[in-house]
Amino acid sequence: MKFSLAVYAAPHSSQSAASALRFARALLAEGHEIYRIFFYCDGVQNANSIAAPPQDETDLTGQWQALQREHSLDLVVCIAAAQRRGVLNQREAERLEKPSANLAEGFELAGLGQLTDAVANSERLVTFGGTQ
Amino acid sequence: MKFSLAVYAAPHSSQSAASALRFARALLAEGHEIYRIFFYCDGVQNANSIAAPPQDETDLTGQWQALQREHSLDLVVCIAAAQRRGVLNQREAERLEKPSANLAEGFELAGLGQLTDAVANSERLVTFGGTQ
Amino acid sequence: MKQRTLALCRAAPYGSALAREGLEAVLASAAMEQEIDLLFLGDGVFQLLDHQSPMAIGQKSLRRNLMALPMFGIEQLYVARGSLAQRGLTPEEIQIPGAEITLVDQPGNLIAAYQCVLSF
Amino acid sequence: MKQRTLALCRAAPYGSALAREGLEAVLASAAMEQEIDLLFLGDGVFQLLDHQSPMAIGQKSLRRNLMALPMFGIEQLYVARGSLAQRGLTPEEIQIPGAEITLVDQPGNLIAAYQCVLSF
Amino acid sequence: MTLHIVSKSPFSTQALSDCLESFADGDALLLIEDGVYALQHKALQDLQNTEIFCLAADSEARGLLPSAISCSVEAIDDARWVHLCTEHNPIVSWFR
Amino acid sequence: MTLHIVSKSPFSTQALSDCLESFADGDALLLIEDGVYALQHKALQDLQNTEIFCLAADSEARGLLPSAISCSVEAIDDARWVHLCTEHNPIVSWFR
């Protein structure tokens, strides 16, 4: 079955981002397809490549990236939410005159339309909310 | 009277960081002293210089920086919380082998001992919590 | 056949960004001509109060986003009757120009009619 | 003369980072030999349950942080009796080796005795 | 039938309460993250004829012993979680 | 005397309820951010002989009209907020 996930939670602040990763792995293990994972609200922090959790804590960004490489996942970060929260790719950093970019490889910035598109093209959408 | 503030909330996710800024301004306007503002938990995102909110939304990082310059405030960001959440200065970025730093000017990274020190040296401590 | 999407709006405005970011997602969806309905439940009903003036707290009014809904073809808003009553609000206090408010007694039955539910 | 600090611990473990970051702040304070007490209230009492095994959810057990408290001289933990009762827990279910649990009937009176309260 | 996923403690938020006010006949309830503390809450006792599940990993993480898990709640693994999501539609998350 | 600052809605969290269970005689209550929705909540009506304040900027932002603000609650500006903090000690924040 074709699934999409919406992730609203930052890593290290609530458990929800880790739950989303676990659910994504279980989906793939059970033979289902992931059409898209859309990172919105504080969820955009999952794509912050500057995060450096201690070695005995889970590096969620790195685990998303590994899963992306293995399964060619479409990891989309809402561009408007990411701008507000300080997650930019090289092009946006230059356009907004910021000194550096920090979007992790394997993630893409795109508009909210990609959430609508995911809803239209998936049989199931599961939301992983934040602490709000 | 000598105050310190503890800020646990990221800008743009909850109102609390903006409330902390308003309270800090009111304290100074009323002639009180701010010993330290300690950013902890998601509050470390207040010091993320890559954030680029739309022009019709408040740029909290910029406003903290302006207040810091005007009043020589001690804006301290918990280093452990900041590492987990992807807010690093140049030294930490190099030590942790991250491609770039993003700590905004006017903020300093330091340990949790600076919160203890603020408690010991202030007559009042006011906490601005997050969405957790 | 179920095809439509429901946005379940449970966040009060201003205290968190969720109410605003939820409406932005709804407007993006409507702009792409996807059918989407809104159900205001719990503290989400506070989004619909009139006379909001968040200038002093440095935010834009959420009413602007709500009033854009009819322009994108969303002319009916569902509101949980129980949530209003719990908060001491009357239906008269929650009006959006250009939109019709439909009070819902059994939110569960409404939800079950949708293919997809986005929670905000 | 009030001099001490109280850490008010109201967060359940694991669901949010607040319980962990709160205990880290308390341990940092104790390591600097500042007197600090802890009051567990609301869902914070769930931090004290035995048999936590968060390996499968990719987190470290919070019990390690709690069991470090006596080593830093924090040998007495305050727990709101009402919060336990609301959650169907008995005092026997919340033991920390090396620490004495003191049940509190009037949290407000305890809080009022402190110079500073850190909320977590 | 709807699958409701509750991820916050019923002792500190209205997530479970709002969810139960939005239940229809035949809907199922899944408790995850801090939502598993509902195992200690009386709201579940009032639910008759409802399928209630919790993620075993989340209840074990929090030290909620099998004996505390009411016989009306089934602890499931992640594969079963996926299966529940294929069986139900829509899926509604109650995370605040 | 303690100043309790509540910043979450009493309709969606236990912040106000936990706070009121931790009240001592003479303590004061300040409602800020979504905490001002307590103006619509019956919990405040049960509070006798207690000083209750709300931030005017926060109640106005949310469209809570002066008429809705019970006569037992005083809407204050930011300078008065500061003053309250100098008059009370400790200051306890209830933000979840």
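Residue numbering begins at 1 within each chain, and the chains themselves are lettered A, B, C, D, E and F in the order written.
Simple rule for what comes next: contacts are C-beta pairs under 8 Å (C-beta built on N, C-alpha and C of every residue); 3 or more make two chains touch, one makes a residue touch a chain.
Each chain and its UniProt protein: C, D = Sulfurtransferase complex subunit TusC.
Being a predicted model, the structure only gives us computed values, none of them experimental.
Novice: When you check each chain against chain B and chain F, which touch both of them?
Specialist: C, D
Novice: Which chains contact both chain C and chain E?
Specialist: A, F
Novice: Over half shared or under half: which fits the residue numbers at the contact of copies chain A and chain B, same or different?
Specialist: same
Novice: Which chain pair shares more contacting C-beta pairs: A-E, or B-C?
Specialist: Spelling it out, more C-beta pairs touch across A-E than across the other pair.
Novice: Give, as an integer number of Å, the spacing between the C-alpha centres of chain F and chain C.
Specialist: Here chain C and chain F have centroids separated by 27 Å.
Novice: Can you compute the centre-to-centre distance for chain A and chain C, using the mean CA position of each chain? Integer Å is fine.
Specialist: 26
Novice: In whole angstrom, how far does the Cα centroid of chain A sit from the Cα centroid of chain F?
Specialist: Roughly 37 Å, centre to centre.
Novice: Mind pulling the chain A residues that touch 2 or more other chains?
Specialist: 8, 12-15, 19, 22, 41, 57, 80, 125, 127, 129-132
Novice: Send over the residues of chain E in touch with two or more other chains.
Specialist: If we look for residues of chain E contacting two or more partner chains, we find 7, 11-12, 14, 33-34, 57, 89-91, 93, 95-96.
Novice: Which chain D residues reach two or more other chains?
Specialist: Residues 10-11, 14-18, 42, 57, 59, 116-117, 119 of chain D each touch two or more of the other chains.
Novice: Could you run through all the chain pairs that touch each other?
Specialist: A-B, A-C, A-D, A-E, B-C, B-D, B-F, C-E, C-F, D-E, D-F, E-F
Novice: Spell out the residues on chain A that touch chain E in their complex, using ranges where they run on.
Specialist: 1, 3, 8, 14-16, 19, 22-23, 25-27, 29-30, 32, 123-132
Novice: Give every residue of chain D touching chain E within the complex, in rising order.
Specialist: Chain D residues touching chain E: 10, 12-16, 42-43, 46, 49-57, 59, 86-89.
Novice: Quick check: in the complex, which residue numbers of chain D touch chain A?
Specialist: Touch list, chain D to chain A: 14-17, 57-60.
Novice: What does chain D use to touch chain B in their complex?
Specialist: Where chain D meets chain B, its residues are 5, 11, 16-18, 21, 24-25, 28-29, 31-32, 34, 116-119.
Novice: What does chain E use to touch chain A in their complex?
Specialist: Result: residues 5, 7, 32-34, 57, 78-79, 81-83, 85-86, 89-91, 93, 95-96 of chain E touch chain A.
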